[in-house]
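See structure below.
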Amino acid sequence: MAKYDALREEACAANLEIPRLSLAILTWGNVSAFDPALGVFAIKPSGLEYPQLTPDSMVVVDLDGKVVEGSLRPSSDTKTHQVLYREFDGIRGVCHTHSPHAVAWAQARRSIPCLGTTHADQTAGEVPCTAMISAEALAKDYELGTGELIVGTFKGRKPLEVPMVIVAGHGPFTWGKGAMAAVQYAAALEELAKMAILTYQVNPASAPLPEYVMRKHYERKHGKAAYYGQVK
Amino acid sequence: MAKYDALREEACAANLEIPRLSLAILTWGNVSAFDPALGVFAIKPSGLEYPQLTPDSMVVVDLDGKVVEGSLRPSSDTKTHQVLYREFDGIRGVCHTHSPHAVAWAQARRSIPCLGTTHADQTAGEVPCTAMISAEALAKDYELGTGELIVGTFKGRKPLEVPMVIVAGHGPFTWGKGAMAAVQYAAALEELAKMAILTYQVNPASAPLPEYVMRKHYERKHGKAAYYGQVK
Amino acid sequence: MAKYDALREEACAANLEIPRLSLAILTWGNVSAFDPALGVFAIKPSGLEYPQLTPDSMVVVDLDGKVVEGSLRPSSDTKTHQVLYREFDGIRGVCHTHSPHAVAWAQARRSIPCLGTTHADQTAGEVPCTAMISAEALAKDYELGTGELIVGTFKGRKPLEVPMVIVAGHGPFTWGKGAMAAVQYAAALEELAKMAILTYQVNPASAPLPEYVMRKHYERKHGKAAYYGQVK
Amino acid sequence: MAKYDALREEACAANLEIPRLSLAILTWGNVSAFDPALGVFAIKPSGLEYPQLTPDSMVVVDLDGKVVEGSLRPSSDTKTHQVLYREFDGIRGVCHTHSPHAVAWAQARRSIPCLGTTHADQTAGEVPCTAMISAEALAKDYELGTGELIVGTFKGRKPLEVPMVIVAGHGPFTWGKGAMAAVQYAAALEELAKMAILTYQVNPASAPLPEYVMRKHYERKHGKAAYYGQVK
């Protein structure tokens, strides 16, 4: 049991950030933490309210979707997490929420243009919106198909440089180098989704941020010569 | 007195969720809990603020609107609850709030289209808006008439599959298999009402969710082979 | 000193509701409590933050604007309160805030139409917006002039039936049978101002509530045969 | 060490206001406190979350950008603060946030017109928006260039009479006679940015506040004969 303790603790702590950061009401969001050495991830159990969550209640699942440890049923979105861990090199946390402004872009089926530095601090370009899942993919395996839809959208993109996506008609998925990073990207995405809506209210003809500002902001936080944050 | 203890406790706990979930300011919302075996429901007393509520302050009313137990006057909306319990098979909780985004759709007199999976997780189609109550129905008995207006709107709909309605010019009513389910549907309705407004701000031509996605999301949570949540 | 204790306590408790109900940030709102028998009102001191307020810090002022008790300077809006107490029969509390949605209507210089029952529960018609204060009235005495502007707008209206106004370019004033009623009307006004903006977002052609529904809702709460709330 | 204690305490207390006033999520805002006699300012360390901040963690920097005291890396925006202290006479606090409504105006690249008294209470005219930073200035030194862009925008304006600016594509900077004043102006700016968006939703043709009202409100709070607040 001790084998997965750290992973379950990381997943639990990150799930508790969802209500604290106002990213979902009721039970509408989940985070997982992945350990590539162990080949498993720990994820929120399905349908439980956040105050009920404990590290012990997290469900440990392998990359074939088999429950390795835990007595509860894992999140209904588990297979989507699974596909992302299998396909996106280097990610160790995935988060899915129904935060309202990110969902608005998903329901409008639009990518979020990079309108300012708040956005560029997360990713140097648009937050892509997937196509609507096809009836065929949905019929075969909905959650697996959602994962594959995201992966298809990321052809030519580097997942760690664009740590977020909008799934058409559905909502946001975010990821990062850990579960806490994933949920913080979910908070950042909700905020920039909100700012983008407000920006177009002020000026419907608002232009994207110039490429040179976008690149600078991204690089000062994430580039090789980054000088944001503390030296690790 | 012990006879109605559980019902009064259920109603009180669900009413306390209204301010906790930010569904109403001041005294603007009420929930009731129904026991079909006893033929009565417990409801919030009229005009009391939420912090004052205790199980003992709940008012127990029968399906003819007679107060069976309790020293306070029941919610002014009591007769609407009464009609819903009489007409909608299987419901055991009703909630009414003035949450702002749901009220906006009510005041705009529009049904809320199903634009995404957050909505489809609650009901597989629009949240219907009633017609405006007629002067005749209002003159006869306003609250009874409001209940009948809802029932009329639900001809051909299954109340447990569409657990929410928008009353034109007024606001939302929701219901479910218990009082807590009813208030959680009220929270879900407020959130999807908000998301729908934001969606049209992003793209005024946003299309409803395809039928196959809508059906899938509803079924995975509420269908016979549902796999959301834990096995009960 | 004991003479004004109750009044200062009432005013202090009502002022503390302003931040609790999210009606103003920083120091941007004030409430007063009036005692017609004593001919004085107690009001928030100017520029103090809410957590600093105590009953002792309230300033007692008479209807000529003379400070009767208290060592601090009264709210800069004191003369507006004074005019309202002098001119509006039966009111014993006045509240002024800069709550954002009510201010939006003020800055847009528009009366708020009665679009639904949430509004009709407060007043059976529009919330009137004053004209912009004239340069002459402003030069003479700005705060007194603001009071007179409100009084002029209420020619033909009964203040206790329309317990709220929007001052053009400025913000809301509300009043009632006590200081707590005044601040609760301020909360109600902010909520219905928000709902009205959202309603027009859903449907820019939204129509006002029919007169018969408006009248019914107002009467069931405030009329002679009111049945909302408890028997006093 | 005791030399900078007061400054570090002032800076820390003001930084803690950022999350308390909901001006930034995660780590997205910073405040500094300046002592002209000592020629240094204390500023938030880069990338730290607010609950981690202590007076000891503040970084003390001189007007050439040299760290004088502190073991952590200062905010990535430090050079912008530095330019403002060097160029704007009399300011002793600077605040930068990514509050969403102020950012919306920045991303829309529009100055905020003075639409009402809430705005005029802060400054008697528009909140100016800078031009977009040039590729040249950015390449030379981005944060220094941002400071110079602000200074250029303020040619002909008095910084203590217009204590706020919108940097195009980026977000708000505010300043004042101390760090706490700077962060309170950031809260005021976010609120008036929000009110302005809402005002145009109510009436897209809303006109600015007449000059005589604007001037009066500013003067009653900040003029020589100001009567807002307590006598100091």
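Each chain gets a letter, A, B, C and D, in the order it is written, and its residues are counted from 1.
In the analysis below, contacts are C-beta pairs under 8 Å (C-beta built on N, C-alpha and C of every residue); 3 or more make two chains touch, one makes a residue touch a chain.
Nothing here was measured: the structure is a model prediction, and the numbers come from that model.
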item	value
Classification of the chain A:chain D interface as same or different, half of numbers criterion	different
Gap in Å, rounded to a whole number, between the CA centres of chain C and chain A	45
Geometric centre distance via CA averages, chain B-chain A, whole Å	32
Set of chain C residues in contact with two or more other chains	200-201
Each pair of chains that touches, named by its two labels	A-B, A-D, B-C, C-D
Chain C-facing residues of chain B, complex	25-26, 28, 45-48, 72-73, 76, 98, 100-101, 103-110, 132-133, 135, 138-139, 142, 169-171, 197, 200-201
Residue numbers on chain D that touch chain C, as the complex places them	21, 115-118, 184, 187-188, 191, 194-196, 198-203, 206-207, 209-210, 212-213, 216, 220-221, 227-231
